[in-house]
Amino acid sequence: MTLRTTLIASTAIAFAGAAFADGHSPMKIGITQNNVGVDSYQTTYEKAFIAAAEANDKVESVVLDAGGDVARQIAQMEDLIQQEVDAIIIWPTNGEAVIPAVRKAHQAGIPVIVTNSNIAEAGFDFVKSFSGPDNITQGARSAEIMCDKFKDMGIENEAQVVHITGQPGYTTAIERAKGFEDRLPEVCPSVTVVDTQPGDWNREKSQQVMEAFLVKYDDIDGVYAGDDNMGVGALNAAKAAGRDGIIFVGATNFAVGYEAMAAGDYWGSIYQSPVDDAEAALQTAIDVLSGADVPFLNYFDTPKITQDNMGDYTKPVF
Amino acid sequence: MSDPVLRLEGIVKTFPGVRALDGVSFSVMPGEVHALMGENGAGKSTLMKVLGGIHQPNEGHIFMGDEKAVMAGPLEAKAKGIVFIHQELSLAEELSVAENIYLGELPRKSFGRVDWSTLEENTNTILKKLNVGFDATTRVGDLSIANQQMVEIARALTVDAKAVIFDEPTASLTDAEKSVLFDVIADLKADGVGIIYISHRMEEIFKITDRISVLRDGQYQGTVNTRDSNEESVTQMMIGRKLDLSRNASHHELGDVALEVRGLSCGKLYSDISFEVRRGEVVGFYGLVGAGRTEIAETLFGLRDPSGGQILLNGEEVRISSPADAIARGISLVPEDRKGQGLVLGMNCRDNMTLPQVDDLKAGPFVAEGAEIAIFDQYRDRLDIRTPGWKQQVGNLSGGNQQKIVIGKWLSMHPNVLIVDEPTRGIDVGSKSEIHKLLRELAAQGYAVMVISSEMPEVLHVSDRTVAMYSGQIMRTFTSDEVTEDNLIQAISGIKSGQAA
Amino acid sequence: MKPGTLSKSLKSGAIWGFIVLELIFFSIAGEFLSLSDKAFMDWENMLLLLKQSAPIGIIAMGMTIVMVNGNIDLSVGATFAIAAIVLLDSMTWPIFAGLGDWVIPVAWLLALAVGAMLGALNGFIVWKTGVDAFIVTLGSMLGYRGIVFMFNGEQPTSHLNWTLVDFAEAEFLGLATASWFLLGVTLVIWFVMAKTVHGRNAYAIGDNREAAVNAGIRVGPHMMINFAIIGFLAALSAVVFYSESGSVNPNDGQLYELWVITAVVLGGTKITGGAGSVIGTFGGVIAIQLLRKGLGHIGADTSTVNLVIGLILIAVLILDRQLNVKGKEELKV
Amino acid sequence: MATLTKQQIGSVLAKQGILIAFVVFIIAFTIANPRFLSPDNILSVVRSSAILGVMALGVTFVVISGNLDLSVGSMMSFSTIVVLDLHDKIGPAMAIPVMFAMTIALGALIGFLVGYLKLNSLIVTLGMLSAIHGLTLTYSGGQNMDIADKEGTWFSVFGQGTAMGIPVPILIFVALAALLGLVLSKTAFGRKVYAVGGNGTAATFSGIRRARTVFLCYIMSATCVATAGLIQASRSLGSQNTVGQGLELEVLAAVILGGASLLGGSGTIFKTVIGVLILGFIQNGLLLMGLQFYVQFIVTWVIIILAVWLDIAAKRGKLWSPIA
């Protein structure tokens, strides 16, 4: 059975280049997303992906959502293999747990593209390409934004920072936290991270965490939040407590973060567009299927955005 | 005479603040049916729990034969040959008859499998003895209440019992079933088994028992030979005073017709029921369980929709679609199941008593608690309810006092028609006679009263007229002059006498 | 035919009727809405369905026993995650370094033992304190999840052992390893519930606990054994699943209790205990997985899936209610 | 004499056990960190507990009536998203009543299913948990909802305002607790809720319309959820679709901690408030002690079981269960 699928699939791939180039039969691209609806980044991503696929008449797409559940994602991988799609894009719920499922697709001759957050190295052999932001770099850049601001303010030798992380266990949360915590001591060795708690990508949860931090610590100079949703939650807590002068830095610039920045309350973030993310993933898949040469790590750029340069960027739609 | 199978010696059981059993000593001989009597709260059930190993006595000993027996738990009591037939059905409805009879000791094969063939064989042997119309594989939930009681009784026959304890076994049995039960008891007796028989029903006690032991307030009052005593003397031992069990009929004038029912039917439950109840009159409804008496009451109280016929209140036709409706029209129902239907056991006495009128007792937006307490005090005094105060949880009262709370609840509504279903089921003799007296008094005050009962003495005692029901139909209505025990029994057994009232 | 047989067979057959309905619906809708050229009712797809039902299905078998018993276990998702961590982590422990691939059975046994112990702990608390199982396991759902995070913080625990993955991905007689486990567990639990004294006692306890106590059944230990069984099965589910995927997030298994309970209730087990069948639960599990798979097949989005599953659960309850109505004569309470 | 004293202790524990436990926690945390009892911290804990607390008030009615409500979390997400969306579309003055009407309609649906159709509340509200989440996602299209003009709207008063130095959410919580406390303990409706939960059959036999009472309990619950959603929306002026996710269990934990029995018929608003505060202070206290978040999980587990255990142990007069 496995042999048969492999044969069919590899035959399909063999003809793929020629067939797609002619534009006769459309490419069937399946995607399994992490957890649509948990925040508007993923929703916007899903919409952008569908829009991009519809705009391209050479592409047909099957869009699935794992709802944050590894088991469901693996089942969806199996479904896509069984449906004999031409390529699979996966936004992993767990960068390691999906490796065997990715291997299965690979063995069935279906190229796999990882999107948004990468799978672990052990799976690289079975993947054509990764397309997405570099979360570790993002974390590092947030550290730099914060450090630069502290230096401007002249408090780089005494500043105390609290860190609110994303949902425990998610790759993006882990990588950003790692990037931030590794980079901060390099650029600002005297700044201390006094406390870390998860805010679960949730504005309300983050607000509660920050409220407790504010009671616990009289001196908080900076807050790093794993995304702007949580950052704004922390900002709300600080506002309510009447604590001024705290530097807020986040990531994934949401509309709320952009607005808070415009209002002068929020210092900086990382500009990451789900539309770019989705379009890059789809394009990577198309490139792979068309036989084009695709780099293995296909990062799209996620620049720093602060109050100083925010005029260069449009307000995010999500 | 041989040695007793079971002997109790100076059993004392105390709970914090209470001496529930205070020096109980009696013995049960092989082949003896030994009645245990006493009012509710006298300590019978505590004594049974001591025998069953659920409570450990503080003082005293239990002897089985010559040996001192310590009952560490239900299993050990069973292993020593003591078997209980519980009053409240203790069956698993989803399981088969066989599984229920052998509950806790299903025969095993390898891998912990149930040995179905042995199980069925053994069960059918027992069922044959009981002469019942169902077999081992029937689901218990599909049986009638009476048949379920027979399953309960069948359990006693599974083990090599030395002593069998029957706790109110006839509460829901028909006469035919009762006689089967008495045959079973006779068989056990012949096998030399000692039997403890707990019942409030005097006629049964005097029919089948050999000796009677009496408890009052946890204290042992003595044991008498049944043939040397009579109802009066036993009752006196139990409560220390005499009981009036004479017939009764109204000596006052009857008023208008308060309730009239014409051709009322409800599916298969009952059909073509017609009767009337006048003010100042007590009408008794007598029949077997399942004859449709309770269902008529439930229909009048808006709990069932009739499939045909008319209900007239004070001459006016009414439709009653819910209990709230019934209450608004002045109908009150004291239900048969006191704990299940009559009371919220976790609530206090006052709140239970005023529950049906809580909407009417208003002080601004709130419930007028002062008015509630006044109502409670009034009926506590009138009905002689013994409770430390209105704050007492109803669940902590004795059965008789609980029943009085339910009656008080409905009296305080000043109903046009008061329906009382099994008013004295499971309550002690003292409270029983008080309630009978109360029902007569209510009639004298002009209430229209319907009394549903499975106890003939009760019906005979309180009713002005008696409606005999059989299988969903009224067989005959008797005036108090006409009624005799014989023609009543004939009527409820389905024998037509041709003298329709 | 005895009275009530029809409505009873209608009830026990309802779940299979529902499955057939789903198959027909998704096959037809799939023709119009799905991209795939392959039919939904493709044999391979159905085999896949069986395999994908395993994680929820194996736990659902344990939940059936516990619910028939008159209890409930809300902590299975957390137990699932702990067992997965033990499985994957223990394979890297230095003391097992010399075992080579023999570490696999050792890790399996460890994970299963831990699952059974956590289940037994729930059962022990229910038994000894008399606190309702709903509250006890609501608490341990939090507590066990705390233990999950204690293990490895917010990091996933990973250990990819390709021997293990190959075993988990293997197929025997056309069925995947996970499918075999699901079928095996279903068979064993069916045997226990229908044929053994322990199983029959479980029904008796759930139906009438007082009666069971009076009959001398040791209700406390009995319930504890059943909690241990569901803990064991939650661990077995984790073992089967994570042998293949090799990495566990600390929040894995969240909401599994809801899926499992949904499947068990769909399968006809009474939530108050005393009634329920393993075969019905198997149907419930298949129905749920079919629904999830089918909705994906026709391209429904997350919000629709949530909406539909919630509404179906309620619809099944209403249907069940209608089948149980005895007619106009019924007492209105 | 000795037994009597023991009994007295038992009865005090039974009645006030949860309150005593509460005082013990406060003392322990204060010793660990004196800041714990600072007015700022107390206000902060009570304020952040207010949303959970308001929801718990409604669920108390449902639980006393002998049912469960697991849908309050996703219903709260729904009301938050709806009021934020409508704020910019029809203005806050209209948005608030419309949101209340929509949320109460959902409560009425559940009340109809559980009360009138007599379906099992655990399963119905489990189904609604999922269905309402789907509804919310459909309504919002999965997008976050944000108010455009965050500075200029008076809508922020419910979540961020203060009166007499006390945050408005606290005032709403306290006022609602007082009001519902009176409703439950002093009115005919409250009495009926206890009766229906204590013994539904007996309540019916006393002429109480059981279905209507249960229905109204879910209306109460939905109204409280809508109020919580209002505070939530006003507090952050923007929200995710998942804002209330998981709150149903925390709410239930608070109500149970307060001593309401899941079997129905017992519990009070005052005790629920204590339950809410205990949860809030535990969370806050552990955070102040610098413990990892997962310690909260484990401590909450232990405390829930201990609290319920001691409560029923005092009632039965025995520490260990009599189950053989």
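Going by the order they are written in, the chains are A, B, C and D; count residues from 1 in each one.
Keep this in mind: a residue touches a chain if its C-beta (ideal position, glycine included) is under 8 Å from a C-beta of that chain, and two chains touch if they have at least 3 such contacts.
No experiment lies behind these values; they were computed from the predicted model shown.
With respect to chain A, maximal separation of chain centres occurs for B (centres as means of Cα atoms). Taking C-D and A-C together, the chain pair joined by more C-beta contacts is C-D. Chain C and chain D have Cα centroids lying 30 Å from one another. Centroids built from CA atoms put chain C at 32 Å from chain A.
The centroid of the Cα atoms in chain B and the matching centroid in chain C are 45 Å apart.
Under the contact definition stated at the top, the residues of chain D that touch 2 or more other chains are 137, 142, 201, 204-205, 293, 324. Those residues of chain C in touch with two or more other chains are numbered 149, 213, 218, 301-303, 305, 332-333.
Multi-chain contact residues of chain B, defined as those touching 2 or more other chains: 73-74, 303, 322. Taken together, the chains touch in the following pairs: A-C, A-D, B-C, B-D, C-D. Put simply, chain B touches chain D in their complex at residues 16-17, 73-74, 301, 303, 322-324, 326-327, 333, 335, 340-347, 351, 355-356, 358-359, 361-362, 365-367, 409.
Remark: chain C residues 2, 4, 195-198, 200-201, 203-204, 207-208, 210-218, 274-275, 327-333 touch chain B in the complex.
By the touch rule above, chain D contacts chain A in their complex via residues 33, 35, 38, 40-41, 44, 47-48, 137, 141-144, 146, 150-151, 160, 167, 232, 235-236, 238-243, 283-284, 287-288, 290, 293.
Residue ranges of chain C in contact with chain A, taken from their complex: 34-38, 42, 44-45, 48, 51-52, 55, 149, 153-156, 158, 160, 165, 168-169, 171, 174, 241-242, 244-252, 254-255, 292-293, 296-297, 299, 301-303, 305. Here chain B touches chain C in the complex through residues 73-75, 78, 84, 86, 90-95, 99-100, 103-106, 108, 111-114, 142, 266-269, 298, 302-305, 307, 322, going by the rule given at the top.
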